[in-house]
Amino acid sequence: MDKTYEILKSVKDGTVSIEEAERYFKRAPFEELEYAKLDTHRGIRSGFPEVVFCQGKEDGYLQTIYVKMAQQEGCVLGTRASAHQYECVRSVLEDVTYDPVSRILKLQRGETELKGGIAVCCAGTADVPVAEEASQTAEYFGTKVTRVYDVGVSGIHRLLSKVELLQSVNCVVAIAGMEGALASVIGGLVSVPVIAVPTSVGYGASFGGLSALLTMINSCANGIAVVNIDNGYGAGYMATQINRLAVGK
Amino acid sequence: MDKTYEILKSVKDGTVSIEEAERYFKRAPFEELEYAKLDTHRGIRSGFPEVVFCQGKEDGYLQTIYVKMAQQEGCVLGTRASAHQYECVRSVLEDVTYDPVSRILKLQRGETELKGGIAVCCAGTADVPVAEEASQTAEYFGTKVTRVYDVGVSGIHRLLSKVELLQSVNCVVAIAGMEGALASVIGGLVSVPVIAVPTSVGYGASFGGLSALLTMINSCANGIAVVNIDNGYGAGYMATQINRLAVGK
Amino acid sequence: MDKTYEILKSVKDGTVSIEEAERYFKRAPFEELEYAKLDTHRGIRSGFPEVVFCQGKEDGYLQTIYVKMAQQEGCVLGTRASAHQYECVRSVLEDVTYDPVSRILKLQRGETELKGGIAVCCAGTADVPVAEEASQTAEYFGTKVTRVYDVGVSGIHRLLSKVELLQSVNCVVAIAGMEGALASVIGGLVSVPVIAVPTSVGYGASFGGLSALLTMINSCANGIAVVNIDNGYGAGYMATQINRLAVGK
Amino acid sequence: MDKTYEILKSVKDGTVSIEEAERYFKRAPFEELEYAKLDTHRGIRSGFPEVVFCQGKEDGYLQTIYVKMAQQEGCVLGTRASAHQYECVRSVLEDVTYDPVSRILKLQRGETELKGGIAVCCAGTADVPVAEEASQTAEYFGTKVTRVYDVGVSGIHRLLSKVELLQSVNCVVAIAGMEGALASVIGGLVSVPVIAVPTSVGYGASFGGLSALLTMINSCANGIAVVNIDNGYGAGYMATQINRLAVGK
Amino acid sequence: MDKTYEILKSVKDGTVSIEEAERYFKRAPFEELEYAKLDTHRGIRSGFPEVVFCQGKEDGYLQTIYVKMAQQEGCVLGTRASAHQYECVRSVLEDVTYDPVSRILKLQRGETELKGGIAVCCAGTADVPVAEEASQTAEYFGTKVTRVYDVGVSGIHRLLSKVELLQSVNCVVAIAGMEGALASVIGGLVSVPVIAVPTSVGYGASFGGLSALLTMINSCANGIAVVNIDNGYGAGYMATQINRLAVGK
Amino acid sequence: MDKTYEILKSVKDGTVSIEEAERYFKRAPFEELEYAKLDTHRGIRSGFPEVVFCQGKEDGYLQTIYVKMAQQEGCVLGTRASAHQYECVRSVLEDVTYDPVSRILKLQRGETELKGGIAVCCAGTADVPVAEEASQTAEYFGTKVTRVYDVGVSGIHRLLSKVELLQSVNCVVAIAGMEGALASVIGGLVSVPVIAVPTSVGYGASFGGLSALLTMINSCANGIAVVNIDNGYGAGYMATQINRLAVGK
Amino acid sequence: MDKTYEILKSVKDGTVSIEEAERYFKRAPFEELEYAKLDTHRGIRSGFPEVVFCQGKEDGYLQTIYVKMAQQEGCVLGTRASAHQYECVRSVLEDVTYDPVSRILKLQRGETELKGGIAVCCAGTADVPVAEEASQTAEYFGTKVTRVYDVGVSGIHRLLSKVELLQSVNCVVAIAGMEGALASVIGGLVSVPVIAVPTSVGYGASFGGLSALLTMINSCANGIAVVNIDNGYGAGYMATQINRLAVGK
Amino acid sequence: MDKTYEILKSVKDGTVSIEEAERYFKRAPFEELEYAKLDTHRGIRSGFPEVVFCQGKEDGYLQTIYVKMAQQEGCVLGTRASAHQYECVRSVLEDVTYDPVSRILKLQRGETELKGGIAVCCAGTADVPVAEEASQTAEYFGTKVTRVYDVGVSGIHRLLSKVELLQSVNCVVAIAGMEGALASVIGGLVSVPVIAVPTSVGYGASFGGLSALLTMINSCANGIAVVNIDNGYGAGYMATQINRLAVGK
């Protein structure tokens, strides 16, 4: 029997006073929101377990999080972890793995089946850490990823040789620092959504990625949207969302 | 009598069925939010009826809003209205009044008792429109306002001659464009909160009020917080909130 | 039947000489690029016919474009058109229609079947023009759109009452000016991609939409990517791409 | 007898020359200001003893300040202190205490009675240091504080579950980095003033807190004003001012 | 004879009572500040009568100011006046004169003796309005001005041909838009102070004078300080201050 | 015979006194600079007669300049002229011609032989006015120009079809607004210098051309340098300088 | 015989099926681009072998690149190398040389003949590292370089004494931080192209070179274009391109 | 006897040939500039010997400069020196002195007579290093300096108590970080020029001094001009120039 009905019935019956019931309903708008509807929307059913942003987290705190999540979820994805943090977590969670390039600190037991297909492209070798964060994030969430690295627009033939591949996936992640023109060129070559990631790679007037961000936001090509500077994780996440829609979840 | 209480009582009385009441409370998480709890938390009990941002609103749409609010609330406060909008609204709502300086287009029937006390200060005569928006907003909401205009810091004696007055109110609104230093000086003179309003008055490197905004945000004085450029309304509103707390609502 | 196949067949049949075909394929690297491969990847098969950015285009030039595209494609979508441009194009193309809110100037003969589902949300009534540009763009391209307008976060209950709806679509477009917080809140409520559109609505420190853009780019929620300020068209386009992937094209 | 009268009388009597009197009155405008009126406005009566901004202060200088203030006021509040500075001050002032999270270095003898009530909210765990600076500052000045941490808008249910609490205090401090949307949502939920504190937490386009600052300054909600990036102290101070007004000092 | 002295003398003489004098001096801290000390420190003795910033002032208000100042001071200097404002003021004050280039609206009866010497330099003909505002301001205040216009650094010989002249004055005003390099070159050629005025002349990345402002603030040459963009008046004023110090007032 | 030699000879001859000669040489450092060396370096020999920036120039002043230059040089190039200025100048100089697209107002009697070769590329049709300013400037100075318009990178095949052409010229001018990526792609395709011109074309976060400027300055390709936003003239000028070097002047 | 012709002939002959031919022509647009035309455009023929941006590259990776390029090209130019990287590369490639000022790490066997002439100018001694990067890059590519250092515009005579030299080269590189005015003055003195390089030298409002960048982009002089902040390499490269055009490659 | 006269006389005498003299005068435009006129304008006669910006200079290079200048000028002023640089220079120049606050590294033999009078004011104790750089620079150049420190506007009485002093000097240097309002208040109190120095003191939105710079540039007070952020040296230099003009050099 429904709680609302139950209380109303008790009011009618006189087993609950009007004042008590009033207090209950006054709280309801938010209590019900919390414990029923909203809380469940992002849980196991959605297939996106919580992710840990490791950077700046204290050692002890990080250990606790990893151990707790390992128990609850059986897997953990952490981004922007340092080598030191890896050592630290490994001392309490033996089978955690670390990739110094993407800086992903991960616990993943068993195999994840990879489905669908996305491409992760980056302009230069200096963009690879961000690209790997995107790629490995997407793979962690079950997306099949093709890596297309070092295809910056100042040597356009490198990118053009991959057109067929790019035209065959459900989503393209385009990662570039400096002038950030990669997203526009890819946007003109494919008909699927392009997630653009500006990187902080560069010097001088690159302003920590701001120039690349502005370039990408101003792209003339259709079907491009942009995430935060160096946010490989965010791009991998959104590409996974799109890929899941395409493969019917 | 409160709606929630009323319905519960009717349930107990038997004049409303449990099922009807259930339907009502089921909708409550959001409907009640909208029509009862949240709406009223800013409604009559809080003494802050809805306010209309007139700028950019179409003539017909504005007429409808004013007529509807006049019927429901008996009063309307509109900000950033043009002379044209005044004519337009007056044609359907005779007793609306307009102040071309503050650009406030108002319907206020009967007298509002003004309580407590705040001071609205501005640096130059060019800041008066923003100052009047703040002052008239506060007055509309029942706050007693003392105007202290044209007391910019480049002629500090003008401000100093008002110190006793400033030290006697519950809140000071400090409005200035150009270098925006007024808030800091006042902050050092009074022990009550200072709401700082940067204005877009200026030329050259004033950058439409950005310089004044930065000055105010960086103030070394304690007890200063800042609202948006030219946002006299917002300052008058918050000063009223503080004044109400001081006078025990 | 494909052009390439057709010509090859004619060569085999002898109805086209090898030399003629050679000339055709010699031009192909670029001409084919232009007229066949690339053009068609965004052409009829992809369902995204060319779109006209009307703003700033000369009257005569615009008339020519509309007439030519009407002949070739049978339909035309133009964005950012003025009322004057509507008059101008209507004088040469009778059945063109114009919506002064979205500023879309459109020729659409026959009915388009709308498939799948996206939601277009906006924070305030001032954001409606951008929202309509997004909604009508998506509809033009065959996407079923639910409009969820005036649900800004400063009255969060309005948005919360639509949660169920937002959780049922393939993609959400979140449009907001001023503080731009709408995208983050929606991003936390749904598991599908959110396309965020900052608008130039605001005053003072909104800096023509830059503040909203930065808010959205910095969103803590997952699954959000951002398009250019006021770029309703771009959001509608990308939402369509995602929706098509979800409905199996 | 009044000094002015006395001197004028002496002039008339001839015991003071016109020239001597002239010198006196020429100096008066500022001398009188200094020693009487202005100087006292911020002392013991206001209940806000001086506060020390420790960052960048030399060891010896800091020791002197703490010892001197301990003697004069019996208590000292220092902000942005390092662990090293704690050691350094403790060597001369045994009962000083240090909190490494808020970086507050404090001498507080005896108990302070906490009055009224404010809430200090923050969006993420990375914002806690700023939140603690605000909370502990307010408590030092005698304000009762409820901490509501980790209630960022990308998981809106966390915040909504605290609405009743937020609606029961005299002032809310809203602290957030990245997109900074927390203040707007809270502003729409409560009828008391909200002091917004942007933090430098974030990466990429957060620009050291500038993005959060702009978000907050542009908030559409009423009753929000903003202090400097990471300025927890300033928010705690102003919240105390407001709380004091509400509890009748 | 000085007011303070005069009153004191009257007290001694008995023509003013002690009580009357007391009332006068009691008001003094601020009134005297306003009407005597401060007012006169920038008043007749200092030779800098009040100046009117005409831009944005209402017609009636402007007429009143000019008439009142004409009566009190016998002369008026107004900056940034429009042709319309000239007509408007002339209708109530016949002998007012207007220069459409500098936009100075002036009443000056009799001859002012010009003393000392400053040079006002500008880079291009488009900077002449700002240069004339500086020159005429300085002349109004009694400074002898040599105009050295159209000597931009991209044709350095034009400037070099004036070196001897520049080395003979007490102060140089250097006015330039676009790249703003004029001040640095002059700073390296003379041993007197250089007041640099960035102008809003330019296009593209001149950002309304910001680029020139930054150039001038970053000058490697010694003896350069900068006023606001287009602030010819401010430069003329400060150059006059320096010139007066050099000629012994 | 050289002036210096002549005077020295006269000194030796005694027809000029030492004192007279001394006066001459004392003036010389700057006079000679002006009238001889420096002045001629950009004069007729260099083939770059003076150019008039028409925008903002008064009618009468413009007429005088054109007439005077027509007499002295036989030809005049004016940029950023309005249709009104054309009428105005034509009334005193019949054979002046005006192009409303490039806004060039030109007097050119006789034929100029066009030498060498440069390419002027632009991304979109909205960039054509800047492109024409560049092209016509280069042609006025005797450079043979190939126009390659509407070759933006979001449809990369359009640009690629012109590669052979671009690889055959002495210099490429690359003009683009919005994301400004054109320069990088061209820079990777050719081995000659590329002059990049950002344009103010765009909306939203294009910030009047700043985004395109930053993109171009950050280009990863070699051999690219950038001129001011919309500065087609400057690009045409520099491309001419390079072309002249290539064709042996 | 041409491939296109050959395949078409085979189709006609029936030795190749229509489907096979179709697959070939579908791929052609990009395949042909890649392997023939584009790839060769930047190779040995252009005289610009690949260059290594050392900064941030891992030791092992850098060793591999140098060894491989030394084998293939016989020479390597690396920019922004650290002393540590020098040691590291020297351990595998004995005859590599390192200049700690320019930070160039170079392998150059045999003598390069230097041709033509450019001048590399810089404003202050702090700009010398960037100037040397430019000079040594140009020399590596075979350009004869004259160094004109420490000729900042605040001591204009230093620059003027070099005018004759500057007027004799094919291109001038102008390097300056702080106010960056050097480029404008040089631009007015020479008739050849000037490549301007802003440097990050400075403090305060130099904003890491942004001020100098804006100064240079806004230059009033003709024939100036700008590369990225501190990009000495880029300037040396482009100056070489121009010099080669002038000397007929 | 003058060089020009001497050579002309030799020509007349026949001891110098016309050709030799011609070569001399041909070089003269620049040589004479350099060695005679320009060079001396900042030399011993002007009383401003060269100053050394120590920051970033290499040890050996710095030693050489100090030793050489000590020999030539008998005194050296160096700014922004580190403690290490002091040790380093002292090892070769025993009587050099160093002030760790102002970071001035100075050699001054004998007493300098201090003349005239300027005031150096700063807002907080954190601004003292910049203030001392200004004060000691001015003293080094022979100016009598009164220090007025810690007089920030948030405690305006501190500043007001110094008004008489400020009104008695020839120039005021106003130094402040954070909100930078000090200059405006002083500008309204004195009739002599005010040199404003923004400092990088602050946090959050102070943006390394940019906010203070903008405040000062936008000052409403007359007679204020601004130097670069933290440029105490520049302010002390210019204040000296003004003071010298006032005391008749």
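Read from first to last, the chains carry the letters A, B, C, D, E, F, G and H; within each, the first residue is number 1.
Just so it is clear, contacts are C-beta pairs under 8 Å (C-beta built on N, C-alpha and C of every residue); 3 or more make two chains touch, one makes a residue touch a chain.
Here the structure is a predicted model, which means the values were calculated and not measured.
A.B. asks: What is the set of chains touching both chain A and chain G?
C.D. replies: C, F
A.B. asks: Could you work out which pair in A-C, A-B or A-G copies the interface of C-F, where over half of the contact pairs coincide by residue number?
C.D. replies: Of the listed options, the interface copy of C-F is A-G.
A.B. asks: Counting in whole Å, what is the centre-to-centre distance of chain C and chain D, each centre being its mean C-alpha position?
C.D. replies: 50
A.B. asks: Approximately how many whole Å separate the CA-defined centres of chain F and chain H?
C.D. replies: The answer is 41 Å.
A.B. asks: Using mean CA coordinates as chain centres, what's the chain A-chain E distance in Å?
C.D. replies: 59
A.B. asks: Centroid from C-alpha atoms only, then distance chain B to chain F, rounded to Å. What do you get?
C.D. replies: 55
A.B. asks: What parts of chain F, by residue number, touch at least two of the other chains?
C.D. replies: Those would be 29-30, 33, 37-38, 155, 157, 160, 188-189, 204-206, 210, 213, 217-219, 222, 228-229.
A.B. asks: What's the complete list of touching chain pairs for this entry?
C.D. replies: A-B, A-C, A-D, A-F, A-G, B-C, B-D, B-E, B-H, C-D, C-F, C-G, D-E, D-H, E-F, E-G, E-H, F-G, F-H, G-H
A.B. asks: Within their complex, state which residues of chain A touch chain C.
C.D. replies: Of all residues in chain A, those touching chain C are 29, 33, 37-38, 41-42, 46, 48, 51, 167, 170-171, 188-193, 195-196, 213, 217-219, 222-228, 234-235, 237-238, 241-242, 245-246, 248.
A.B. asks: Along chain G, where are the residues that touch chain E in the complex?
C.D. replies: Residue list for chain G touching chain E: 123-124, 152-156, 160, 178-181, 184-185, 187-189, 202, 204-207, 210-212, 214-222.
A.B. asks: Where on chain F does chain H make contact in their complex?
C.D. replies: On the chain F side, the touching residues are 2, 4-5, 8-9, 11-12, 14, 18, 21-22, 25-26, 28-30, 32-33, 37.
A.B. asks: Under the definition above, what is the set of chain G residues touching chain H in their complex?
C.D. replies: 126, 155-158, 160-161, 163, 203-206
A.B. asks: Which bits of chain A are touching chain D when the two form their complex?
C.D. replies: Interface residues on the chain A side: 26-27, 29-31, 33-34, 38-39, 42, 55-56, 198, 200, 208-210, 213, 228-231.
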